[in-house]
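Which chain is which? They are A, B, C and D, in the order written, and residues in each are numbered from 1.
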Amino acid sequence: MTNSSEYTINELMVTAAARELQDGDLIFIGVGTAGRAFTLACGIPIAAARLAQETHAPNLSIYWNNLLSPDLEQIPPRLTQHYLTTWPTSAQLHNCSDKNDMLSRGMFDVSFDSAPQIDRFGNLNITAIGDYKKPTRRLIGCLAQTDHFAYVRRPLILTDLKKRTFVDKVDFITSVGHLDGGTSRTDAGLRPGGPSRVITDKAVFGFHEETKEMQLLSVHATSSTEEVLAEMSFEPLVNDDVSATQAPSSDELRLIREVIDPRRILLTT
Amino acid sequence: MKSKLVHLADAAALIPNGASLTIGGSIIRRSPVALIRELIRQEKSGFTVLAYPAGFTTDLLAGAGAVDRVEAVYEGLFQFGFAYNFRRRVEAGELDIRDFSEVAMAARFRAAASGVPFMPTDALLGTGMAEHNPEQIREISCPFTGRKLHAVDAATSDFTLLHGYVADEYGNVQFPVARDADDLDPVMAKAAQRLIVTVEKIVPHSEILKTPNLTYIPHTWVEAVVEVPFGAHPLSCDGFYDEDEAHMQDYQLLMKDGRFAEYADRYIRGAVDHAEYLSAALTPARIFELSVR
Amino acid sequence: MTNSSEYTINELMVTAAARELQDGDLIFIGVGTAGRAFTLACGIPIAAARLAQETHAPNLSIYWNNLLSPDLEQIPPRLTQHYLTTWPTSAQLHNCSDKNDMLSRGMFDVSFDSAPQIDRFGNLNITAIGDYKKPTRRLIGCLAQTDHFAYVRRPLILTDLKKRTFVDKVDFITSVGHLDGGTSRTDAGLRPGGPSRVITDKAVFGFHEETKEMQLLSVHATSSTEEVLAEMSFEPLVNDDVSATQAPSSDELRLIREVIDPRRILLTT
Amino acid sequence: MKSKLVHLADAAALIPNGASLTIGGSIIRRSPVALIRELIRQEKSGFTVLAYPAGFTTDLLAGAGAVDRVEAVYEGLFQFGFAYNFRRRVEAGELDIRDFSEVAMAARFRAAASGVPFMPTDALLGTGMAEHNPEQIREISCPFTGRKLHAVDAATSDFTLLHGYVADEYGNVQFPVARDADDLDPVMAKAAQRLIVTVEKIVPHSEILKTPNLTYIPHTWVEAVVEVPFGAHPLSCDGFYDEDEAHMQDYQLLMKDGRFAEYADRYIRGAVDHAEYLSAALTPARIFELSVR
């Protein structure tokens, strides 16, 4: 066993995410831009997927940026277009229709998603803050995040815990999580599912089996329940027996540092 | 077969004010940027833009005040940040924005490509997009299963503007075997009412005949084809050149401060045509740096 | 001018068909098997399309067997798979979805079609003779003929005149022509259109503008109105001024024989 | 990635009696004939066949009495004439036949490929196909235009059986740049619930990585991949071998007279596996004659 001083929060987030992945899963990883956004959208998810492959899920597959099962031994040093175009991969499907069909056919098991607003029922907003028609802050739109939440079996929310992110009710529902809780998601006609876990830099949350409210499951060793609640605009369900998030094992740390991300391309900031 | 080769200015001149435009490519990759610049040069306006992920071209049009409505899955400039011009206009309540998810937007283009007025989808159930857009997203019930679904309307537009790789003079457009297929260009081409394609290079018809499986836009779909080398610059054209990061960063610095006019004076209105644009924006050495062929 | 003894019936059918083609048309040509079926489905249509290209319609294009604008200077000597796969052509689209979309988008101007049963309103049957569920003769199904009649602007019926082919009412409507006549086609929800001409080995027919009944327009020099009517199970409208089908000109015959089909691949039987 | 390489007999053994099978290829081109022969060898029956144009494989199954229902756009053997076994069973009223036009059938596969329960189409308005099949073709009204349309149900099946060109052991199937695309295999693959692909050749994964744009069936869609050289014989496999006209003509002479049992004794039941089939049906010299690589 390692103790908390021996791993970074990013490494903890990687192992927490990897534990949510199962053998045979097909994982959707989106595009990230740069800095922390890249680490959250691509870096941690890819490291987690590879860690799962190296440990308990050898037959897990990754879909990234229209590339299916790219050769992760050859992650390009930069992600300009040419590196993406020529990155060795098993399949680069003919146009985005194929990816969209794979989504709506329900072929993906897990996706990683983030948003500037996340509410107590796991609905996400990446479209607009304030009034939709004349917003105080226009965001990026929808991308496929709506589709992830509609079709992927076990979407994972991966983000940093912040008071203005974790809101009671999103201003706009870009992506339907558990909607208004209870059976409201399937009542609206959506397939069963919705986000399964929220992995943050301070804690891991799930959703209550019946009410579908966000529920604090574990707190990282570097944080406390009080600190966690202080970073949220709503009060999540808190189990009496909130545990400490399981620390990465020394073997996991070795894999992350020596095999998966030796050049520190994935886990930079 | 008829030659469809025209000059850039003549292609842009086909497009009237107020037209709806489907614009291909993806964010910062292989969009018909030179053609969009030419539209701005010709002071066209009042456009509706349909895109899959919209990006640089839509932001240029927003900067020029030439776009009134956008239907897309995303608006931004990927690693270069926000689409400032676009965002400013939306936040001012001046731009009619219709958001769709990728599955829903692709279904809309596919409906147009198939000649049917709608597609069924369950992607948007429960979302704000559906709530705010009953005009284009309507609840239906599956006649077989009774399942609740949405009908989304076909994404038809007056013109479809794409940037391709190579074509012959008749408009048979081909892709290289190694390419990034993270776009909807082939579907948009099929869905087009009037299709204008700019390409990096015009090649002899005899070259096209050798590899017909690489033709993704056949000549009968095309109204006009234009040879525009570096026609996607400062974006990338996969297989030809990479994105021009320095140019994009400079663009963003100006746009953040609302200085579109300055940019346009230098690169669009100040350059009478694409050749002058290339001289203003690139040096021969820089062209070699960006090239990946 | 040439006279009737100087051309074959096939050559006359070619020129009659070519006169129906307009500059800029996109022509759908199907697949024929062998013998007379090949001549009717492919040979005459291709010769007609090329004749039109060489005369009044230089910008006419041909779609044949998933090949768009194949090089007609290089018609393969045989049509086994390998010759089709390697025939130089402008486009071989990625799968049949593209062709089907081109059909339902209304991109085709003319198609050539034939059937064992054709009725007075130009409906075709290539599916079953007798009762559909237990037919006396099961035919081939539908192929895209249904779609031609639904979507192509000016479908041409090209067939030999026979009493058992030209029936009062088809046993099964595979392809909707003018349905029950009048406005019944558009009343059923179909787009305006329907077959424009019926070109046979003995005569050329159109459809009455109002009633949409089949109407005898011209009789080939080798035949007579009486002979034509004797080969039909129903009585078509007959204009008082039925003319003789216009004979091929010497220039047309030269083009057919020397330029278009010098090796007699198209017009064999 | 997991190896999905199995033997032909094991692939066929996955399929139970009474399953619905989508069969790829087109009439006399690139259908999984060896796999169909193996199903007959294993005395499977009660199948529903979904095809685009059905052809030789459906006629074999009809000859063996193994198919109860067919949904397709065509049944015949192209230049070799009628599908006699199929036709006989339809005329005896023993086969439930559902005819669809090409546009309608392709729409049905596309619905299945997109995970929606139906597609709208106006291809079948007024036809006998719609009149006789209210179960699968239902009138609807466009929620935007009010236009009369049909909904056609998604073409889902228990298994999809395709014959491809080359694949790696994980099931990444690639086509050659020059190929005949007159089929719906890529759509059928995407629509599959359980997908079995036979290919001419298994190649190293490293070969696949070089040309990812040629992968039309990615490994995650595939349950089992089988190496079966000449696996489409006597049909053609474009880019590999031509159709065996002599074999087809002999087949038709027998079928015309209802002598399927004779054919099966020689080539199917009489040959314990694909290797024995090849010996019975081909000589080395004939293989070279038919090859086009």
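FYI, a contact is a pair of C-beta atoms (placed from the backbone, for glycine too) under 8 Å apart; a residue touches a chain by one contact, two chains touch by 3 or more.
All figures in this text were calculated on a predicted structure; none of them were measured in a lab.
Common partners of subunit B and subunit D, by the touch rule above, are A, C. Averaged C-alpha coordinates give centres for subunit A and subunit B that are 30 Å from one another. Per-chain CA centroids place subunit A at a distance of 58 Å from subunit C.
A straight line joining the Cα centres of subunit A and subunit D is 40 Å long.
Shared contact sites, meaning residues of subunit A that touch two or more other chains, fall at 92-94, 100, 104, 151. Across the assembly, subunit D contributes 107, 114, 116, 121-122, 147, 149, 178-179, 181, 186, 213 as residues in contact with two or more other chains. Interchain contacts give a graph that is no line, ring or star and is not complete, per the touch definition above. Contacting chain pairs in the structure are A-B, A-D, B-C, B-D, C-D. Listed in rising order, the residues of subunit B touching subunit D in the complex are 107, 114, 116-122, 138, 140, 142-145, 147, 149, 151, 153, 177-179, 181, 211, 213-214. By the touch rule above, subunit A contacts subunit D in their complex via residues 24, 26, 58-59, 61, 67-69, 71, 88-94, 98, 100-102, 104-107, 151.
Within the complex formed with subunit C, the residues of subunit D that make contact are 28-29, 52-53, 72-76, 78-81, 86-87, 90-93, 97, 99-104, 106-107, 110, 121-129, 131-132, 147-149, 178-187, 236, 238-239, 242-243, 245, 292.
Put simply, subunit A touches subunit B in their complex at residues 31, 33-34, 65-66, 79-82, 84-86, 92-97, 99-100, 103-104, 125, 127-128, 132-138, 140-147, 150-151, 172-176, 179, 185, 188-191. Subunit B meets subunit C in the complex at residues 1-2, 113-116, 168, 170, 172, 186, 190, 205, 208-210, 212-213, 215-216, 218-221.
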